[in-house]
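Here's a structure for you.
When the chains are written out, they are named A, B, C and D in that same order, and each has its own residue count from 1.
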Amino acid sequence: MTTISQHRPPTVPAPDQPPRRNYLNNGYSVRSWLLTTDHKRIAVLYLLSVTFFFMIGGLAASVVRLDLTTPEADLVLTETFNKLFTAHGVIMVFFFLIPSIPSVLGNFLVPLMIGARDLAFPKLNLLSWYIYTLGGLFTIYALVAGGVDTGWTFYAPYSSTYSNTHVMATAVGIFITGFSSILTGLNFIVTIHKMRAPGLTWFRLPLFIWSTYATSIIMVLGTPVLAISLFLVGMERLLKIGIFDPKLGGDPILFQHLFWFYSHPAVYIMVLPSMGVVSEIIPCFCRKRPFGYAFIGFSSFAIAVFSFLVWGHHLFVSGQSVYAGLVFSALSYLVAIPSAIKVFNWTASLHKGSISFDTPMLYALGFVGLFTMGGLTGLFVAALAVDVHVHDTYFIVAHFHYIMVGGAVMGYLGGIHFWWSKMTGRLYPEGWARLSAILIFVGFNLTFFPQYILGYLGMPRRYHVYPEEFQVLNVMSSAGASILAVGYFFPLTYLLWSLRWGKIASSNPWRAAGLEWQTSSPPPTENFAQTPVVRDEAYDYATIDAQLAAVKPSSPGVELSHG
Amino acid sequence: MVDVHSTRVPSAVRSHSDSASHSALLPPSALAHQFDDIEQQHAADELGIWLFLATEIMFFGGMFLAYAVYRRQDEAAFAAASTKLDAGLGAINTAVLLCSSLTMALAVHAAETAQRKHLIALLVLTIFLGTVFLGIKGYEYHHKYEVGLMPLAGFPFVWEGPSAGHAQMFFNLYFVMTGVHALHMLIGLGVLTVLAIKALRGGLLGEFATPVNITGLYWHFVDIVWVFLFPFLYLVR
Amino acid sequence: MSHARPTVRTLVFVFVALLLLLALTFEASRHNLGRWNFAVATVIAATKALLIILFFMHVRHSALLIRLVVAAGFFWLAIMFALSLADYGTRAWLPTM
Amino acid sequence: MIDDGFRLFPEQASTHAPRVDLLYFFLLGVAVFFTVLIAALIVYFSIKYRRGNTQVDRTVSHVESFRTELVWMVVPLILCVMIFTWGADLYFSGYRPPAGALEIRVVAKQWMWKFQHPDGKREINTLHVPLGGAVKLTMISEDVIHSMFVPAFRIKRDVLPGNYANCWFEATRTGEFHLFCAEYCGTNHSRMTGRVIVLEPAEYQAWLAGGNANEPPAEAGKRLFEELRCVTCHVAGGATGRCPPLENLYDHPVRLVDGQTVKADDGYLRESIVRPAAKVVAGFQPIMPSFDGQVSEEQLIDLIAYIKSLAKPAAAPASEAGDRP
């Protein structure tokens, strides 16, 4: 547990006072971490786990990209290549993206933001982490034992009958992890409904809470359907029964319906929390209330509900009825509206702001740009005839990476930087952080923009060997991926460095609004010395800045502590 | 946006680090530290279990969807396969499960009104009825195995008549759906056993009745699943 | 948790109703109602489920939020069925000229 | 054409391709417009309202405006409706083969494409088609899901096991074009590729005539029909009374025992051979044994071609066929 020791509190406390008690120095034993029911410690456990999985998933992606620099299969065997992209997809989707913001930032922030002492069910929260870890172990086992080659989509009958890799262990791993997701979502919904501080009405809630709530709805109502579809595939493999087997009159498309009923909304499990993070960061670095608070909030709900109506757009070429395709295409455009509302409102929030460009803001602005590009290419893939051409090509790969990496991961990193001081009590080095934010933005675009072109040219996804004329664009993409890898490596390094050598943070270094900034950094185990009573509207930056100006009229660097 | 105003009241501005403060009001185990009062805790528990049951609806829903799709494809085959199930036993089992739901509902009532003896008796009765259900289910499974209607794990599937494929699909669905249901019953029986032991030790009464109430909701849900499984599997004509 | 609860008398009454509905669905299945067989069975099952939810599971006395959660569960189930069956119901319509 | 070197845009080689591309360019225009709009606004605000700039008016008049929100809800909505209608229209025309198309049968398996031309000529991983004139592919998989993808034609269709899938195209340029499997199908998915060779019609005829003589599918089907002893029951005109007659069956409506009516297309005929009891014709008993596993997908195609040959081509559907199968 060397990582834990790095979380020690300031080694050089101010000489005149003893180290303040906080959640990090409240016990150092392994037991005090592994049996904790403190939502903040569980968030740290998740942070370590998802970082671990991110590195494995990233490693798999690196080998895939490296191999694709040449059209031939000359780095790894094709079997290995297939297992690598499957590992990349499974790990990044189920073990990094889905738990990333909800389980790390959500766990840490939801009780703090609503002025509660903990989530409604702290033991269940710890159980969620153990379930996640157990699911992760199954998946790691599947990888070590030889891998799985079905793609993260597990399409029957390939997954149920034909693949002779470790489909069962992986499916069990994802099945188990799904329950972690369900329990986390359940915990958030109950907490947000029942544990808000006095005076904290729905329309005073931070937008991150709105988006977390919307995400939780998807987790609770969508994940069980993924569980049952994987369960049926597992039964088919284990008991040799043919639920999806055409030989018994089974329908492989039924699997796709069940799978995408969850897996399309799952995209919004990944990106909605990021939208919440961005909705926190932008007001703070513009020093003003976001434009159209209620519209941003309700659009999160609209996205959560609409996301369940559109899964069939993954089946336009599958043999689904063309009339159903028509319905799903029309419904898919519904999601465009709340997404557009959000992007326009964020942009309008900049208007007449007092904008500074600290690292979280760079990530947030990067998110808005990349999400816009990802979202707009969503119009292409929802347009039936165009989707027929680009379906299962690199166009799709580029599209969903713009949403899931350009969107979700940028938001995640922005959030980690924004709340890092709250989580650890330390400041990260700003210069390095800005450099890496820019590197990630550039590297990302260089990696994935060429893939749009590749896709429209017709290069199918999951191809190990490909025609020579696609090589130039693939090399560009791989070059971008190496920049991206360097970009990701930086935060990993300097954030760890900051744990010991970073400047000690005050309770509110960004002078941000929100209850989480009104307690000390890192917060005490019980979060607040007294239950906060909320009398202000959300994002009341005008008042905060006015108070600040009254305290010290002309020094912008001052840190106002409410704690 | 049901509760526009927070459920928490501003009156309770008190120190949290001092956990002894509420031990004077209530026995320490009734109120968890993260809640302000027992009402808030009960409301959270109830909302939590209902959200869990909503996930269960979707979980079973996936299987019911598979059933609906395949039944549409070949209704005659499903009807023919259904006649091989013993509708009488199915009806008896439904009655057994409905009885257990009644005893469970009465157990919740007994726990909340702090009638210890009633609670113990009703929990034991519920466990007994649940076991009877599983016993009958086991007998049916065994019978299907003996007559070659259990197409699992390479066991033979003997089918005289048309549409052997779809008939086999019916039995696949029958075993998967009732199997998952039986698994839920087993989990429920395990929890009920723990509750019965706690009740024997004098727990679960009055303010402490929440576990009984939550288990009751779960048990009724499992009952509802069977209420649909019974006609869809045994009574297809 | 609101503490308004159905009385023992109500619970027993509901139980008797459930047994009667069981007898009804069993009896109905013995008669050939043609295409109505399935509809009748489904309606009776839904009625039984509703009775259990309202009385055994206290939803009749529950807060609005709880009722919303129950409704949401079934609403999402309805989404899944409606849109999936929209595919299966229209597959044969594929226009081939 | 294959090996044309580096390019940024795929060539158009079918009647469908320029239509899809037109929609694509419209979408590209929309996407570029909004991306540039958002990016320009972000950059402009970022510069104008940067913290260091003290010379700018920051009085915020309002932080909510229903009218503004309405604008950016309605404008995207109108665009979306447009794109949806356009895309849907093309989608239907892309999947609805015109009458009289040249019909080529495709059987996909891990990891190859098998083609059979109407005269019986077979080829693997290479598909010769004539220039001009619609070509309809009727496809089925022997194992997992594959997907027929010809980028230059802008067509793609998943090839499923257990049921026929169709797509069609009309080539507008001669030459060789890529053919990919687009749905992941196992280890050598990326090697399940081939070429579509578009020939002038005369050259196509010459190509068909070359090589070994082929047994036309209908004749192969007739031979199989006798070998499999189908003729025992299915005598001409359905005279045994045990089964409906096969003459004039193909593409005609059939009334089933449950009162439904289906069209006797490829999919129905295939199902009736492998799962005879699934859709029994009204007035008959489900006595036919299943031929599932006894005939290959290619043989099924031959049998269907034989049944098709028993129907009068392009005849007006006999009104009686609905009542009496």
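Quick notes
Just so we're on the same page, a contact is a pair of C-beta atoms (placed from the backbone, for glycine too) under 8 Å apart; a residue touches a chain by one contact, two chains touch by 3 or more.
Values in this document were obtained by computation on a predicted structure and should not be read as measured data.
Per-pair tallies of C-beta contacts place A-D first.
Farthest chain from chain B (centres taken as the mean of C-alpha atoms): D. Relative to the centroid of every protein C-alpha atom shown, the closest chain centre, again from C-alpha atoms, is found for A. As a whole-number value, the distance joining the C-alpha centres of chain B and chain D reads 45 Å.
Inter-chain centre distance (chain C to chain D, centres taken as mean C-alpha positions): 40 Å. The distance from the centre of chain A to the centre of chain B, with each centre set as the mean of the Cα atoms, comes to 33 Å. Each chain gets a centre from the mean of its Cα atoms; for chain B and chain C, those two points are 16 Å apart. Looking at chain D, residues 92, 95, 275, 278, 292 sit in touch with two or more other chains.
With touch defined as above, residues shared between interfaces to two or more other chains in chain A number as follows: 193, 221, 225, 247, 249-251, 253-254, 257, 261, 322. Contact with two or more other chains is made by residues 2-3, 43, 47, 51, 54, 58, 61-62, 65, 69, 73-74, 165-166 of chain B.
On chain A, the positions that touch chain B within their shared complex are 111, 116-122, 124, 182, 186-187, 189-191, 193-202, 220-225, 227-229, 231-232, 235, 238-243, 247-251, 254, 257-258, 261, 524, 526-531, 533. Interface residues of chain B facing chain C in the complex, by the touch rule stated above, are 2-3, 39, 42-43, 45-47, 50-51, 53-54, 57-58, 61-62, 64-65, 68-69, 72, 87, 91, 94-95, 98-99, 101-102, 104-106, 109, 112, 210, 213, 216-217, 220-221, 223-224, 227-228, 230-232, 234-237. Note for the complex: chain D touches chain B at residues 257-258, 275-278, 280, 286, 290, 292. Considering their complex, residues 193, 217, 221, 225, 253-254, 257, 261, 308-309, 311-312, 315, 320-324, 327-328 of chain A touch chain C. Residue ranges of chain B in contact with chain D, taken from their complex: 73-77, 161-166.
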